[in-house]
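Consider the two complexes below, in which chain A is the common component and chain B and chain C are the respective partners.
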Partner chain A sequence: MTAIVQYTLSGLVIGGLYAIVALGFYIMWSAVRAVNFAHGDTLMLGSVLSIALMWAGVPLIVGIPLAIAASAVFGLLIERIAVRPLNHGPSSVGWMLSTIAIGLMLEAFVTVTFGADPRSLPSPLMGTPISIAGAGIFPHELLVPASAVALLALLDGFYRSTMLGRAMRAISQKPVAAGLMGIDVRRMALISFAAASALGAFAGILAAPIIQVSATMGLLLGLKGFLVAIIAGMSNARGIVITGFAYGVLERFIEGFGNTALREVLGFGVMILLLLMFPNGLFGQREVNKV
Partner chain B sequence: MNMTTASSPPALLKVTDLGVAYGQVRAVQSVSLEVGAGEFVAMIGSNGAGKSSTMKAIAGVLAPVSGRVEFNGADVTGQPSHRLVRQGLAMVPEGRQVFAEQTVEDNLRLGAFVFSRTPKMIDEAVDRGFTLFPRLAERRAQAAGSLSGGEQQMLAMARGLASRPRLLVIDELSLGLAPRVLDMLFPVLQQLNRDGLAILLVEQLATQALAVSHRAYVMETGRVTLQGSARDLAQDPAVRQAYLGRH
Partner chain C sequence: MRFQSIHALLGSAGLALALGAMPAFANKPCIGASLPITGPTAWAADSIRMGAEVAIAEINAKGGVLGQRLSFVAYDDAGQPPRGVDNARRIAESDGCIAMFGGWHSGVALAVVEPVHDARIPYIAVISAGTRITENDRKPNYMFRVSMFDRWQALALVRKSKEVTKTGNIGVLYEDTGWGQGAVPDLKASASAEGAKVVGYEVFKWDDRDMTAQLIRLRDAGVDTIILYSRDLEANQILRSMQRINYTARIVSAWGNTGTLGELAGPLANGMIVLQTFTWMGNLQPRQKQVLDSIMSRYKLKSPEDIKHGSGAANAYDAVYILAEAIRTAGAYDRTRVRDAMYKVSHQGIVQRYAPAFTPERHNAILPENYVWTAWHNGRILPIAQTPYGK
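Take a look at the complex of A and B:
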């Protein structure tokens, strides 16, 4: 019984992280029907920068916002140089290659400058674990699922009731019409990538005390976040967060009753199966448009 | 010529020798046209004559390869659409182009995007749209993509009007719509025009377009071949043979 609670709790932690990563993909996809495949690397960038700034003597309260801001600029650059020039409608795939390439370049650069050893960011909430129904968990870990839910509510309100949010969804559906409404489509695309990258960096920093920070930490997290977004159906934020949690819990159970290798095999296997059964995603709706 | 049309109003839109090309393919050779403040002008012509391309270049959706577009006395040639809207030039695009995944109300709000800093004006724009087309009010929370073609055209028109333009360019109002819907939409255009809105309407249904407009241009293979008062053009034998009587 304790094991089940333990797996569920730690599953919600890692699943919350997948959910936040997936929400970044959702933001980009909603705006331009393309994503930064190096999005996992913005997590890495955020946590590596905050650790580097900490080493340089910058207090975390300043360093963390700086790291997030720098990652947002990274997102701007990705959109401008790797996505926009190569994204000309649904059949374009050039942006996949270019963003993956930039991610690999960033990983190599960080390995050289930051070092290959995994690091960790200290957190005052990682001191003593608290006990929930016999299972132990650090207070900091609980921040992850809580953040995922809070971010979902925030994003939902943003898209539902701000002009910027409405415009950021409109540009992907009908870019020409969006321009005719007075929306600067290019600017919106930039904003969406900056926001997604800032969110990614935030996720990285949030995870930095829990998981090991290294140049390659973003690879699997980015991939799983993308899978979660795809399985949920790219256009449904709530579904993305639910799927993220579910995938995290599933992973922990497989790991707990099996082993780590089995986790990836079964986890990805289930994902592929779901994708075959629900091509539009678990929560995706078919795009409706009568002509 | 009678006295009321002897002095034409000062041009709100003045297009001179406009040319549009898609790569090497020239879609518009050289088009000159004018729309006066408060005037209702139609452009008719067969499919592929370059009407839509002309409108896209006027509204800033496409950059022209030659010629000049003046709006409200200022040279706006090649300016992107998102800037032209702020100057009072709006367009209802061909095929409606509603934001299908968003609600009817959100579509209207997006139409008033230029008022982003004054939420009160956005609310007013939404109310105006619902007053103009009460059908839209009934469907305000529905996804725009679930509307019928006629309702989508109403939404596209209301959305185009939300920015309070001085000139509304409408590209192919009738495309794919039932005659019953058109019988409702054309009078709305006339009323909007009587209230002071200048309209430039591109339309394949020449009879209807000439019935509601003051003046008209006929376009063929990238050029304006005829122009004049709508009444005169409706009587012109060449126009009658080519474009009228089919509908």
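Take a look at the complex of A and C:
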């Protein structure tokens, strides 16, 4: 029984990270029907900048917001330089290559400047684990699933209750009509990429005390976050968070009652099966384009 | 006229055959290296460079080898076997180096066995310990090692685990790589030979962040001593996971985590015992101290701990001298002759006395009696005798 609780808790932590990363993809996709494939690297950028600022003597309480802000600027630049010029409609794929390339460039740059050694970002909540029904977890780890749920609520409120959020939703549904109604589509795209990158940086900073900070730390998290977004259906934030948690828990149970090798085989296998059964994602709706 | 043509043709063919059969004496006085210059084990590549470059500088200051100055050319493989293969071909064919060194990853070293033998270039592993690197059934065998040898390492780890276990139940936790997977047969053979009771073998992948599942299984099997094959990154996660489930077991580790674990885990790593071939910490002999001073001065290091893979630096240092001696014995920058001369080299190194460095049956220069036990204590990895765990 303790093992089941342990795997569930561990799964919720890693699943929460997948969910937060996937929410970034959701924000970008909602606005421009394109994503930043270097989104995983914004996790790395946020945590690397936090550590670099800490080394420079900037207190974390100041350094973390600065790192998130800098990552938002990075997202903004990605949209302006790598996505907008290459995104000319549903058949455009150039932005995929350009965002992947920028991610690889960023990883190489960080390796050269920050170093290849994994680093640790301290957290006072990673000192001693607490026990829940006999299973152990660090208090900091509990922040991850809590943050995923809080961010979901925040996004929900933003899209429903603010003018900016409504404008972004309008663009995601009818970009041409939204443009005709005076909504600045390009501005919304910039804002969505900046917000997604800020969210990615936040996820990275949240993850940094649990995993280590290195140039490649965002690679797998980015990939699995994207996977979660696809399986859930790119345009359903609640579905994304639920799928993120479910995928994290599934991985831990496979690992716990099977072995590590099975984790990827079964985990990805289940995901492919789900995609075959639900081509628009578990929570996605079929998009109808009238011509 | 016809005869003249036939003679001319035969003459040309003979010349071509003669040229083709001529051995390539024109190898250059460079030592190529395929190292993980980028990636999570880049610190190991730095250590290898330190040892190799200081040795080369010393040799060149005394006139080089056979009147030529040695040089060191390193290429990045990022720990990826295909890149190691590319590097090996470049070093052998394009650069024409006399020999090649290999870095951290056993997987990369295993991948280059083929191109190394195609090019007939002597290869010296200075960190990677995988058994099959030198035990590769090639004749003649161009793969040499001045480093830990996993078969011997496995035996030492099993013996140490038997010594420290209280319940008699030993577990093995290893990474899912060429190095980790390759160690399992050696561990099983050693455990069988030593009568050690290994009750669980658990595996993890690089970059895994949570090892609670594997550790719960070992804990439930009554394991109180874990033999570990991991990098620093995953070793830290293992320690965190043990803390998470309140599991305390003694860890007897292979030498994959001698770099940044102290910084990552701090006191959590206290008591982890690690086998190495050399340590720069503690009391050094005069020659060792002189080399340490050279490394620290050349690379502006503040402390010996800044040599993140101390064994790798020392092994590389000795390997350069062994190779230089082999070139002198061969009398030419000729790879085949240098390979053959490797068996004739005797040398007093900083790790041990090599007498001889290699034999046709033993391509592993550093002998197990010269391995040293170290332990992590308060963020530093020290000779075990200088820690509370050596008593």
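The rule is short, and it goes like this: the second predicted complex is superposed on the first by the 286 of 291 C-alpha atoms of A that agree within 3 Å, B and C clash if a C-alpha of one lies under 4 Å from a C-alpha of the other, contacts with A are read in each partner's own complex, and residues count from 1 in each chain.
Quick note on the criterion: a residue touches a chain if its C-beta (ideal position, glycine included) is under 8 Å from a C-beta of that chain, and two chains touch if they have at least 3 such contacts.
Because the structure is a prediction, the values reported are computed rather than measured.
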In the overlay, answer first, second, both or neither for which of chain B and chain C A:S235 touches. first
Should A:T216 be classified as contacting the first partner (chain B), the second (chain C), both, or neither? second
According to the stated criteria, A:M163 is in contact with first (chain B), second (chain C), both, or neither; which is it? first
Go through the superposed model and pick first if A:A178 touches only chain B, second if only chain C, both, or neither. first
Quick one: is A:N280 in contact with chain B, with chain C, with both, or with neither? Answer first, second, both or neither. neither
After superposing on the shared chain, does chain C or chain B touch more chain A residues? C
Hey, which residues of chain A end up touching chain B in the complex? 163-164, 166-167, 169-170, 173-174, 176-185, 235, 287-291
Spell out the residues on chain B that touch chain A in their complex, using ranges where they run on. 59-61, 80-82, 85-86, 90-91, 93, 95, 97-102, 106, 109-111, 113-114, 116, 122, 143, 145-149, 152, 159-160, 163, 176
Please give the residue numbers of chain C that touch chain A in the complex, ascending. 38-43, 176, 203-205, 207-210, 212-214, 216, 232-233, 236-237, 240, 243-246, 259-260, 263-264, 308
In the complex, chain A residues that touch chain C: 3, 6-7, 10, 13-14, 108, 111-112, 115-120, 129, 131, 135-138, 210-212, 214, 216, 220, 252, 255-256, 259-261, 264
